[in-house]
């Protein structure tokens, strides 16, 4: 059966490179004479039949643009979809509507660019008969089944630039500067930007740490004539026993940033234990915005090209993946569950320790 | 009397361009065959006799480097200086020591690069007989007596870049993004980067605002097919009556960042009033770090050159100043008191209103 | 007579900030309930009746975008316009067609954003009865009648960044690096980025120079333990008597870059006279591209807002202008002729000399 | 035998990340209680006994700094070393002096960071008994025996940024912009930045091309409503039969930039064949300067750490290497000869073709 029409949607938090994937898919589709329908705002557009045909001019200038022109959201789940009943919002399984819409629009294959959540939904829809190709996406780089996700290199660049900036203040004021970065469950961004940005201490969810060890590093530097230090902390890094974050989470919000705030508590602890003046900064959403780095533009382009090729070849139910520098794919059901955390023996952790970076352990 | 030796110190918070001033002073001094002594860590180095002779290699590579190689602090005041007595810290007037050290070291003129606080001290020391030239410094751009301070252009660039990044997330997620910028008393950074970064709402200390007006702007944009908005807020912007910031200031700290947090409350209010998903980011110390912009390198160089020339000419008790693009100077006693806030009829406020930016009033 | 419809076009070489002007004009027009027609590709669109109505979505995302969405060209002149006659291209006075088109489309006022050439045409059309407002534009900053043009600050930033990069190579290899920048008649970009980028020698059209003086500076630095130097040269800087550029201009081209190449000859001369290994780089078109700096976005916005306001007020025949930080305007006929070169006593030249920068004189 | 003293030198053209390697080596050495001697200006310092002991303060602030604090040069070869005899410069085999100096200074192992040339020398010295570890370096990414060299990612970022800037000019003026990038023998930089920067045509040494094919791509874009194109060309790309570069190489110079100039000829050919106005830019030395990207800082740190570890373990005669993301090593004699060119079936070439990029073939 010849493929005539593809669909595409972006789900979950935005990441630099989403538009580059869309552009690559559109270019391959076009040269194959295949139409491309873009569903708006994630799965929401698929349920509500909210879409637009992607024309040449829709993909012009997309390569270097952050965000997603299709819109996204990190809530709407076809299997638990918000529907208004009278004045109330109730959550219903609308997955049949999703499949029905794909059929009615004669979408031969849907390309879903998303993270854990979006691809888990893609897998469930596949089990119900939908023809879907997945493209992995998260700036946190913690997805199973692929070596790297686009957006991560850009986030690391933004974080490293922030570290470069904090360095001059730390040095000028003889302070300890604490930078809090994204990473609820995995410390990839903190680890990479910490090494790239010359951090003295890196605290990540994977490695339990003690304030005393952090203080030792700060004092050791002082002894060497460097009365200032930089601490990088992933938002999901756990505080040592008995400590908790003072700043309250604003009620009803699931926002990673509002989860954050651990850096303020760490800065306070550093002041108490070492006597060094300390300051905290939460980099927040700035990490996920902006124009993608060259690496991310290339990775996103390669993912998009591969996904479109699979779709044209009728190879459904698979996620494209980067393995040892090669783009390949794996069936949805073979993607390991859970979050890809930083292995404790990761070469970069080893290298970091060798050059004297402390992980607080 | 021929000048043979100059002194220099940097006081208050660090700002991009401090090193460029130091470099310019050193270059002028050197070509005049005059020595330059750098006091370390602000006035502290002057009281404690902590200094170093600035050699050629000390100023190599300084132009583009953020922070200050002399070190700084924003606490130590010669008129109220922390001195250890036994196990206690008591505060004493040590200004005579400052003058004595200048005499003993045969410093013909001391160049003080600093903000309101540091220059007020410079003025007091002058009244006691010290020979001082002041160079105005603050990233906030709120100093009296000069049209612009170095560091401001760089801070605006950093804030504008953050806005560019938040834009893609706001647009992709149909969110309201709130960015909190420095500016305790004046809204210069928020105003300039808000206009440059395409903000829809700018909230500054100078203009009282109402949530209802902010909501109207957000709804007006939604009606135009733009279901997302960017709000820029200066940390010192006052909340409307009856509102207060939920996040607590950490005890005993005078840090502007910890003062901040208004953005979180505003994001919460926006969600409540408009129903739009909202997110807050506090840019924090990142604003004052990094390599100075070309404009700031040039301004800092001009300030430094002018200050050194005045010092060599024996013209003491003055602050260098930028007026209508020309570097000039004014006596310490003629510098108006207080903070230079944004005038309500400032041309950029007018222009901003004309292109539809709301100030919440 | 109430204004109902404005026109707008961009002429001459592109500059960062053109889109920001267009956006500001469109926003003011819209809030006044006035239509805006954009003519495409400079005066060409006006003669050929090639235009489009600017809708809200046309100006979305324009603020930070380089270039011009209206297109431009630096050839087409209504008074000497290329017209096909049979197989030949002949040049005719088509200015009556321009006026006729403005009338037929009921354009109450045309806003022309352009450089010397485009505004001279605007003045001529005005003399024939057209209602035009001019907005000055050139990255070279050499236009009469205004203190600064948008695009200049961005070009200086790009050039300064290139200098920062060349510095590390110069230092590592003990070389003399020569960077050639735009500026056929005036040395503004070379002067500003030279000071901001830490150049040792700056060569501009305004100041005749001698190779011997350049060599002296290079040797002086060597003696101080700095066996490397950076030379910045404006493409229009004249070679000393008897010297000429070796690289040939490609036949029939009037491109400033191809005019360039003086840097290669200077690098060769430096090698011959000093023995230092030397390298030349022509930065070229990269200088006029990219996202405008915050300063340029603000200046362009203010220009656009002021131009639209004048147009709405029926104040034709004027160019908006920046004077001492204030946006004002002047009648076309009062704009001085010629190019605004760098005055020899410009404060930045003085400051540059004071910190030891050589101008080769 | 316990290692007590290491040596280090940097050879060949500078590359972003050299300082990060030096810093990592120094940190590992220090924590092992081993001294580090830095030879200045490549092999020259080894022959002339020009070195300095690397102290803690020598490596402060190195991570983000471009170039090499040790100095480098791309001429001096111990086996063919320039020696003054009377007034003449003669070239002699001084390799015994190199070995003698290593012995006299009790250097247990020398770490050489360099490209093809420097490491070929290292191999020869090893054959004569020297104990050397090599670290591969080239921004061109064309070294055998490793998957990637530091400096490449930064060069690609600089080139991509230039492409982003040229894009706005191309689009605004309906021009063809030709950007010439480094790569005498291999097209890595052109390929990667071409894909990342949205080039329409990429011309590299590995793929013979025809002007007619380039013109076809330009016309195809015009037909699609995109009357502008971007061509990226590696300096070493061969012109089609019968064509040659007009610009002459300056006599006696082996500089890659001066080799360049193919872009000017291509721009001319494009004008002749397509009638499109065309412009050429040679990015030149700007590509090898500046602060290393986060990726390059990390790669350089890992290389440095691994090299120091090998040296401490007494594992000489090896080059560290990146293979599938893991740092490993290979004996000098197993490194394949010649230049690592881009394979014609490289995945990125395939992906580029799939999204419509032309290679002119």
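Read from first to last, the chains carry the letters A, B, C and D; within each, the first residue is number 1.
The rule is short, and it goes like this: contacts are C-beta pairs under 8 Å (C-beta built on N, C-alpha and C of every residue); 3 or more make two chains touch, one makes a residue touch a chain.
As the structure is a prediction and not an experimental result, all values here were calculated from the model.
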| item | value |
| --- | --- |
| Other chains in touch with both subunit A and subunit B | none |
| Distance from the mean Cα position of subunit C to that of subunit A, given in whole angstrom | 41 |
| Rounded Å distance between subunit A and subunit D, as computed from the means of their C-alpha atoms | 32 |
| Two or more partner chains touched - positions in subunit D | 164 |
| Category of the chain touch graph - line, ring, star, complete, other | ring |
| Chain pairs that touch, as defined at the top of this document | A-B, A-D, B-C, C-D |
| Subunit D residues within the subunit A interface of the complex | 23-24, 27-28, 31, 56-57, 60, 63-64, 147, 153, 156-157, 160, 164, 192-193, 195-198, 224-226, 291, 293-295, 297-298, 301-302, 305-306, 308-309, 324-327, 347-348, 351, 354-356 |
| Complex contacts: residues of subunit C adjacent to subunit D | 10, 13-14, 16, 18, 41, 65-68, 71-74, 158, 161-162, 164-169, 171-174, 177, 246-248, 250, 255, 257-258, 264, 268, 279-286, 288-290 |
